[in-house]
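Letters A, B, C and D mark the chains as written, and numbering starts fresh at 1 in each.
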Amino acid sequence: MNTQAADVAHSATRLGREELAALVASDIKAGSFVNLGIGQPTLVSNYLRPEQAVTLHTENGMLGMGPEAHGDDIDQDLINAGKIPVTELPGASYFHHADSFAMMRGGHLDVCVLGAFQVSAGGDLANWHTGAPDAIPAVGGAMDLATGAKEVYVMMSLFAKDGSAKLVQACSYPVTGVGCVTRIYTNEAVFLLGADGVQVRETFGTTLAELQDRVPVPLTAALG
Amino acid sequence: MPIIANSAAESVAGIGDNSTVLIGGFGNAGQPMELIDALLDGGATGLTVVNNNAGQGDAGLALLIKERRVRRIICSFPRQPDSWHFDAAYRAGEIELELVPQGNLAERIRAAGAGIGGFFTPTGFGTMLAEGKETRVIDGRGHVYETPIHADFALIKALTADRAGNLIYRKTARNFGPIMAAAAKASIVQVSNIVDTGGLDPEIVVTPGIYVNTIVRIPAAAPEREEARP
Amino acid sequence: MNTQAADVAHSATRLGREELAALVASDIKAGSFVNLGIGQPTLVSNYLRPEQAVTLHTENGMLGMGPEAHGDDIDQDLINAGKIPVTELPGASYFHHADSFAMMRGGHLDVCVLGAFQVSAGGDLANWHTGAPDAIPAVGGAMDLATGAKEVYVMMSLFAKDGSAKLVQACSYPVTGVGCVTRIYTNEAVFLLGADGVQVRETFGTTLAELQDRVPVPLTAALG
Amino acid sequence: MPIIANSAAESVAGIGDNSTVLIGGFGNAGQPMELIDALLDGGATGLTVVNNNAGQGDAGLALLIKERRVRRIICSFPRQPDSWHFDAAYRAGEIELELVPQGNLAERIRAAGAGIGGFFTPTGFGTMLAEGKETRVIDGRGHVYETPIHADFALIKALTADRAGNLIYRKTARNFGPIMAAAAKASIVQVSNIVDTGGLDPEIVVTPGIYVNTIVRIPAAAPEREEARP
């Protein structure tokens, strides 16, 4: 087993939310078309550099979305999927909902970044429903994003409040999409999911061996 | 040629009990608030409503639900911090919910307008929302069979109409408007401005007039609307 | 059998092509959205009166099509389905091919007017293929129009050059659409097709009884 | 961001043998003649071409067919008074024809771009063109199952692009452009004008730049083009 900590890049401390967002941002290839989910993934936009020329999509009908609007720039006809007023960048375009979801569902977005309750070793994503019997369900565009984007990056804490790992062999929460997640960015490590199973690209304030003790799926060090 | 109604009340007067009504808007953007208010005042009940959400706060669709006029709602995201009227109706078993992934919602509405009898999509495959649905593996990938959402009426908000019913929208307020206009037997549209036929450049028309039955001019939102927003 | 000639409006002489086009035009309800097929149906546009406020659709992506363009008005980017330069009327709009056919296929056009090789008593239309084994087939938008429009009016001569009726019990040519034709306008009579079979609304230079002798489907006089 | 090519030849240089190529245009309107000519000059063969027609006269697609570079064509209306090169290839059994009703052609291209695995349509039901296809009765009406048309490349003509690849078109030259741009892995677009990013109003963009990979500026047609028209 190729599980020696020396094989994996690591930093001394766990990442905070902002550091994690910065890391995700730096990993997005220049020129990409990207959809950032509601909540933590939205932070990624603060760390995208202009020279990356990343174009942001919002599923309510816009490409070329700019930062959150403030003060006089607030326009209630210009909001993002979280219903927060945003701005328009040069080169933006507007389109209706079916065209917007066709863009997602047709595989045209390079990356979407989503939060998660759980991700399975096979890339199943659970992020829409706690499964609680009395919960009022709501799905929004999560299933379309999970299924449609070329790459699905998940941002989440690696462990739930009860200490259980959120990277699991099989999701116990209702799934959003099957075999769709390609990367998981957590406060303790970055995981790459694929045909070779779950690979650890880097760790933060921990080692691969320590992670393997706490995460119930086989982990290997990512090559190169 | 569409009818140009004198008031929101007049424009929705034809909506009877048990109608299926598509309601545009995503959040407040594109939400035809005055048409919804008129529908509430008109008294129609037993409605099936299609909207991305299930009402927010104490306005519009939320009030229709509060008054138990909505028998059934088809939407993607009913649960919101301020969706208390839906929450109460749902927990009381007094509203039927069909929860649909947002892209399937949009595509099903588009299919109704486009004469598509049904389609296969990967979205939702392997999830709770596909339980009981027909599935098919296409090119090695699981797909779910989805059907069109036809409706009697659509309530839509656009920016400007010409007298031929051609519409343009504003920014992300466009959202569901164009596909809902095409999917309903009759589309009722509130606009900020009405211009003469020929007043819109044919290259920039988003909804052709063929999809529009009734237009009513509602001047752009007054400042107090801002405060009503969550 | 209600086949007495006295029951059917008639005129003394057969209609010419232009008279037939004028008749079709006068039958189109005010405010209708209409698609006129290539060839003879195109003549109908010359007889639509402005007060009818009929809006013409052309399947290559336009609503609000005006008359044929001449001289300096010719613009090679503005053509009809027959690839003839046309003009744009106030209130026109342009859209792409999928949106244009969605308009046809979604049942939004009130009437389309098409030519035909044959029409069956049950409303089957044959107008796209002669069935000759060496013919190169071409279908264009004929099947979409036949299937999608609320009403399908056919304009044709009632008899082929060999004297056989083109209104038949069952089409011998390959069909374009099944049970789609609602009216047939011919040089000798106007036929209404529906649940009550084939009804003759009016005759031109002939009588219902004479027609019944020459047309191999049961004919009745239209009521009212 | 799309590549801005220096010439039509450069823009199509990546199209290899046996590619599937969507070609826009209806008649001459929207036909990317210079890109087709460059494809001819480039020598790629064994192509599958999707176009409404099958070439006319002695230009463009007709020459590709004349030179037997097109193994298979998917179109709605191959037979024209001046489609002699197609006619000859077809009668010689040297080109494969898939004849598709024009609306199914458009919807199948749209489905590819929109991620739809297949759909049911009434168009063609009960006709020769549905023979051997899956059918289904939906709400009492016969439907035929149709599948998406994916492609490697699209060759498109638009009026203006900005440097982000956003496109607008001109009148009925819009036709297949927007749906082909979305259906192909790589879209190559000839435009009359290129403007800076921000030079197009976001409300009037017809094809968002996400669908555009290569742009080449070809000045508007010179007068001799007129004579080449049938």
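In this text, a residue touches a chain if its C-beta (ideal position, glycine included) is under 8 Å from a C-beta of that chain, and two chains touch if they have at least 3 such contacts.
None of the values given here were measured: they were computed from a predicted structure.
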Worksheet item: Of the pairs A-D, A-B or B-C, which one shares over half of its contact pairs with C-D?
Response: A-B
Worksheet item: Approximately how many whole Å separate the CA-defined centres of chain B and chain D?
Response: 34
Practice prompt. Report the inter-chain centroid distance for chain B and chain C in whole angstrom, where each centroid is the mean of the CA atoms.
Written response: 36
Worksheet item: Where the centres are mean C-alpha positions, what is the separation of chain A from chain C, in Å?
Response: 56
Discussion item. Can you list every residue of chain D that touches 2 or more other chains, as numbers and ranges?
Written reply: 107, 110, 114-116, 121-122, 169-171, 202-203
Worksheet entry | Multi-chain contact residues (two or more partners), chain C | 62, 88, 94-95, 98, 101-102, 104-105, 148
Discussion item. Chain contact topology under the given definition, line, ring, star, complete or other?
Written reply: other
Worksheet, complete the sentence: All chain pairs satisfying the touch rule are A-B, A-D, B-C, B-D, C-D
Worksheet entry | chain B residues within the chain A interface of the complex | 26-30, 76-80, 83, 86-87, 90-91, 97, 99-104, 106-107, 109-110, 121-129, 142, 169-179, 206, 221, 226, 229
Discussion item. List the residues on chain C that touch chain B in their complex, please.
Written reply: 31, 33, 53, 55, 57, 62-64, 88, 90-95, 98, 101-109, 148
Worksheet item: Can you name the residues of chain D that touch chain B in the complex?
Response: 107, 111, 114-122, 136, 138-139, 141, 143, 168-171, 202-204
Worksheet item: In their shared complex, at which residues does chain C touch chain D?
Response: 58-62, 75-79, 83, 88, 94-98, 100-102, 104-105, 124, 129, 134-144, 147-148, 174-178
Practice prompt. In the complex, go through chain B and note every residue touching chain C.
Written response: 1, 110, 112-116, 162-164, 166, 182, 197-198, 200, 202-203, 205, 208-211
